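Structures are listed in the sections that come next.
Each of the two complexes below includes subunit A, the first together with subunit B, the second together with subunit C.
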Partner chain A sequence: MLKLEAVSAGYGSAQVLRTVSFEAKAGEILCLVGRNGAGKTTTMKAIMGLLPEMKGKVVVDGTVLSDLPSHKVPFYGIGYVPQGRRLFGALTVAENLSVGCLTNDKDTTVLEEVLRVFPRLKERLAQRADTLSGGEQQMLAMGRAMCLRPKVLLLDEPTEGLQPSMVLTIRDAADLMRRRGVAVVLVEQRLDAITALADKVVMLENGQVRGKLSRAQLASENDRLCDLLGV
Partner chain B sequence: MDFGPYLMLAIMEGALTAAVLALTASGLALVFGVMRVVNVAHGEFFMLGAVLAWWVTQLAGGSPVLGFLLALCVVPVLVGMLAAFVDMTILKRINYDPERTIVATIGILYILQQVTLMTYGPEARPVAPPFNARIALPWIDMSDGTLRLYWPWGLSITSYKLFVIGAACVVLLGLWALMTKTKLGLLMRATEQDREMALAFGIPVQRIYAIAFGLGAGMAALAAVLIVPIQQAHYLMGGDPLLLSFIVVIIGGLGSLPGAILAALLIGLSDGIISIFFSPTLAKIFATLFVAFVLVFRPKGLWGTGKP
Partner chain C sequence: MMSDSKKDCFAHGGVLLFLFALQFFLPAYHHGNMARIMVLASYAIGYNLLFGYTGLLSLGHAIFFAAGLYGSGLAISQFGFSVGVALVIGVAAGCVLSAVIGALALRTEGVAFMIVTLMFAQAGYLTVLYFGEFTRGDEGFVLAHADRVLWGVSLSDQTSKYFSAFSLFCVSLIMCLALVRSRFGKVLIAIRENEERTQMLGYNVVWYKFCTIILSGSISALAGATYALLFGYVGASFASVEYSIYPLLWVLLGGAGTVIGPLVGMIFMFYLIDLSSGVTTAYMLVAGVVLVFLAVFAPQGVMGEVRSRIWKWLS
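Coming up: the complex of A and B.
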């Protein structure tokens, strides 16, 4: 579904990613792990085409995304839940969701589906996004990305700073997306989440892929993973 | 004239200034809000609006009504298209870098000014107002305990000035509806909030920028078309609107449209009142002092909220 081929990218003069390659298949959760500053967020931005300089290829379903201008990328079914949520703060919940629906504005049922997954948002449709609680904001960030009926969903530390019950809500949503056949790329720091959710793990260090683990290898390679996560 | 009618007259003049200023400044505020750039050439788009209005009325020949209506419809669109073109060819190329945009728009300011001087000339030329009836206004007299309406000598306004105030209100309402009720408005507000996320959700930010820049310049041109029957078109007339728009945008909170409109009302009314009771120079001094106080004590603007 989503394939990165030798992606190198950075910000202006600073190169961050060096020949990163991995593949996420439909209906699986790929966990991208690495220490702070390893380049996880940069990888997400590279997939979205948001970096000024980039070499290599990002391919989704046979389309080379990296050749497109960045605003065309979501039209190929890439939903992005960025680190720190980055909602349109002065816009209402409803408006944030309709921005999410821009790429498929003929689809009239998706909004209802998303509100069924996150009923709390339904009660707050007219509220400004920046007045929501942290958990609600994260639900909105997820909902906004789910509105474009993604084939690939990029989740960058979606449970950072949330209370346990909210963490479960967000994880359930990620799992739901997987069951619907979405290729989910999840950046996660917590070992329990990785062992609970990951179908495969890609380990990133200093902008390079240091190793890949299948679900079966997770138990045996636990030490390496712990070492990488610094726990 | 008694104090009451005199004040009324000053408020009327102030309302006219406020109306035109609100249109011009909301264009500048829109550009700053959506694109986070300062358009120093904003006043020249205003000037271009006035000069083109003169040209269009000349081309239209005899009838002032026809010429004015034509100018009102055509000129803002022409100026808006020119601005969008400037955005796509110059500002895009320097990547909307804040400092370089200031320098680039200063350059554009001089180009527009000099080209106007070379083609239109240094004269100030009037445009005939489409209608200009004098309307006397009544005042209430309560001197002997009973209420009595009377028409004090000199308390009047022209029908054209009333039209300008009304037209400005309609256009500002339209702008508000555009920003809050339409899809284009949603796209502009989302881009204003977070450019990168706007891209990530499929908003063609480049096109939105060109539209916002064109719309902002079009607002200035529209204000100029409305005021030119009162003020005359001249190639140096862009300075004052630019300065006042800056003052208004700073007082209103950078990039905030409602803030800009409220601040235009405040500056316009105080300008009218101080000009009539004291002198126009004092009015400008007051506005400048006021903006200095706002910068010191409320740097986010009188009604500013969070954003820098």
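Coming up: the complex of A and C.
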């Protein structure tokens, strides 16, 4: 589904990623873990084609995304929920979702599906996005990405700063996407979330892949994971 | 209960109805002022599309207003075209110029975009002065009453002047309202709020910005062309940097990103200077102090504050 082949990238002269390679398959959650500055968000940006200088390949279902301008990437089924939500604060919930439907604007059922996953948003449709609570904003950010009917969903620390009940809602949504056959790439810092959700873990350190763990290896490599997360 | 969308339409329709009715009650002096205000407010509406809705701060919009002004003025004075054709030429000049400037200026962002647009406007101003043989340079030129007749109606007549200005304002306002309520308009707001995120949803933001520059430039040129035809004067001062700053000021005062804000800002600014100049020669000082207070206590502009405090449904 999504494959990174020796991706090296950075910002100007500062190289952040060094030959990063991994694969996320349909219907699995791949957790990207690492300390601050390890290159997790940069990896997400590299997949979306947001970094000006990049080597290596990002491939989705045989299509090389790294050759495309960044605004074309979502048309190949990549949904991205960036860190900090980044909603359009002046638009209402309904307008935010509608703007998110560009690659899928003929499909009228998608909005209903999103509202079924996040019923709280249905009550807030006419409300401006910048007046929502943190959890509701995260639901909207995820809902907007789901409007694309993604094949690959990139979630960058979606539960950061949320209260426990909201964390569960967001995790359930990620799990639902997995069950629908979406490849989910999740940047996560919470050990409990990683152990609960991950089918595969890619450990990043200083912009390089330091190790890959399968779900079966998670328990035995717990100490290594704790060390990497600094917990 | 009336939906927010209907309330929004009724509010804007009410403003248009009020402006239409106003011509029957206003004394002659204010009658002429309102015609001028509506034309310049249309220019500000064009500017607001780019600045208020898309978040692109241009410091060179006078070039588009002047393109319409000189396009229509020269079409009449140099080539003897009719008013209708002159109007089309004026708008076409603004449209082409905005496409060329947009294609080049959009290669930059932020401060560089401001500087590039400012430089283009200065180049336009100097071009007007350089071709003084045709444009009459700083002095400008006047279009004769006899040349300003459309379908047998003289545009220099007070009533037809008001009605023409009102028609222009209606077109600009309705076009702007329809645009910002459409999907296209929502994407412009999304670009203003977060350009990178909008791109990540699959929108070609450069293309959207380019289209908006053309639309904004064309509306500004339409206002410029109408100004020349209604008031009969074409001068280089309209291409100067002041006329690039004015629409920014009107929009900020009235409320950036509100459809009716440019009109409110224009009326406020016009009458602030008009009334204070009747009291003191230091009227610009009075205007400056009032503007500072307004910026401090109503940072979103008059209609922006109205929207955030009372009418949350206002476009």
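By definition in this document, the second predicted complex is superposed on the first by the 231 of 231 C-alpha atoms of A that agree within 3 Å, B and C clash if a C-alpha of one lies under 4 Å from a C-alpha of the other, contacts with A are read in each partner's own complex, and residues count from 1 in each chain.
In this section, a residue touches a chain if its C-beta (ideal position, glycine included) is under 8 Å from a C-beta of that chain, and two chains touch if they have at least 3 such contacts.
Not measured: the values here are computed from a predicted model.
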item: Joint occupancy of subunit A by subunit B and subunit C, clash or fit; value: clash
item: Which of subunit B and subunit C A:P74 touches, first, second, both or neither; value: both
item: Which superposed partner A:A126 touches (first subunit B, second subunit C, both, neither); value: second
item: Partner chain(s) touched by A:L148 [first = subunit B, second = subunit C, both, neither]; value: both
item: Contacts of A:S98 with subunit B and subunit C, given as first, second, both or neither; value: both
item: Partner chain(s) touched by A:L50 [first = subunit B, second = subunit C, both, neither]; value: both
item: Contacts of A:G89 with subunit B and subunit C, given as first, second, both or neither; value: both
item: On subunit A, the residue positions that both subunit B and subunit C contact, one per complex; value: 48, 50, 70-75, 80, 82, 86, 88-91, 95, 98-100, 102-103, 144, 148
item: Sites on subunit A touched by subunit C in the complex; value: 48, 50, 69-75, 80, 82, 86-91, 95, 98-100, 102-103, 126, 128, 144, 148
item: List of subunit A residues in touch with subunit B within their complex; value: 48-50, 70-75, 80, 82, 86, 88-91, 95, 98-100, 102-103, 144, 148
item: Residue numbers on subunit B that touch subunit A, as the complex places them; value: 186-187, 189-190, 192-194, 196-206
item: Subunit C residues touching subunit A - in the complex, by the definition given at the top; value: 4, 183, 186-187, 189-190, 192-194, 196-205, 257, 312
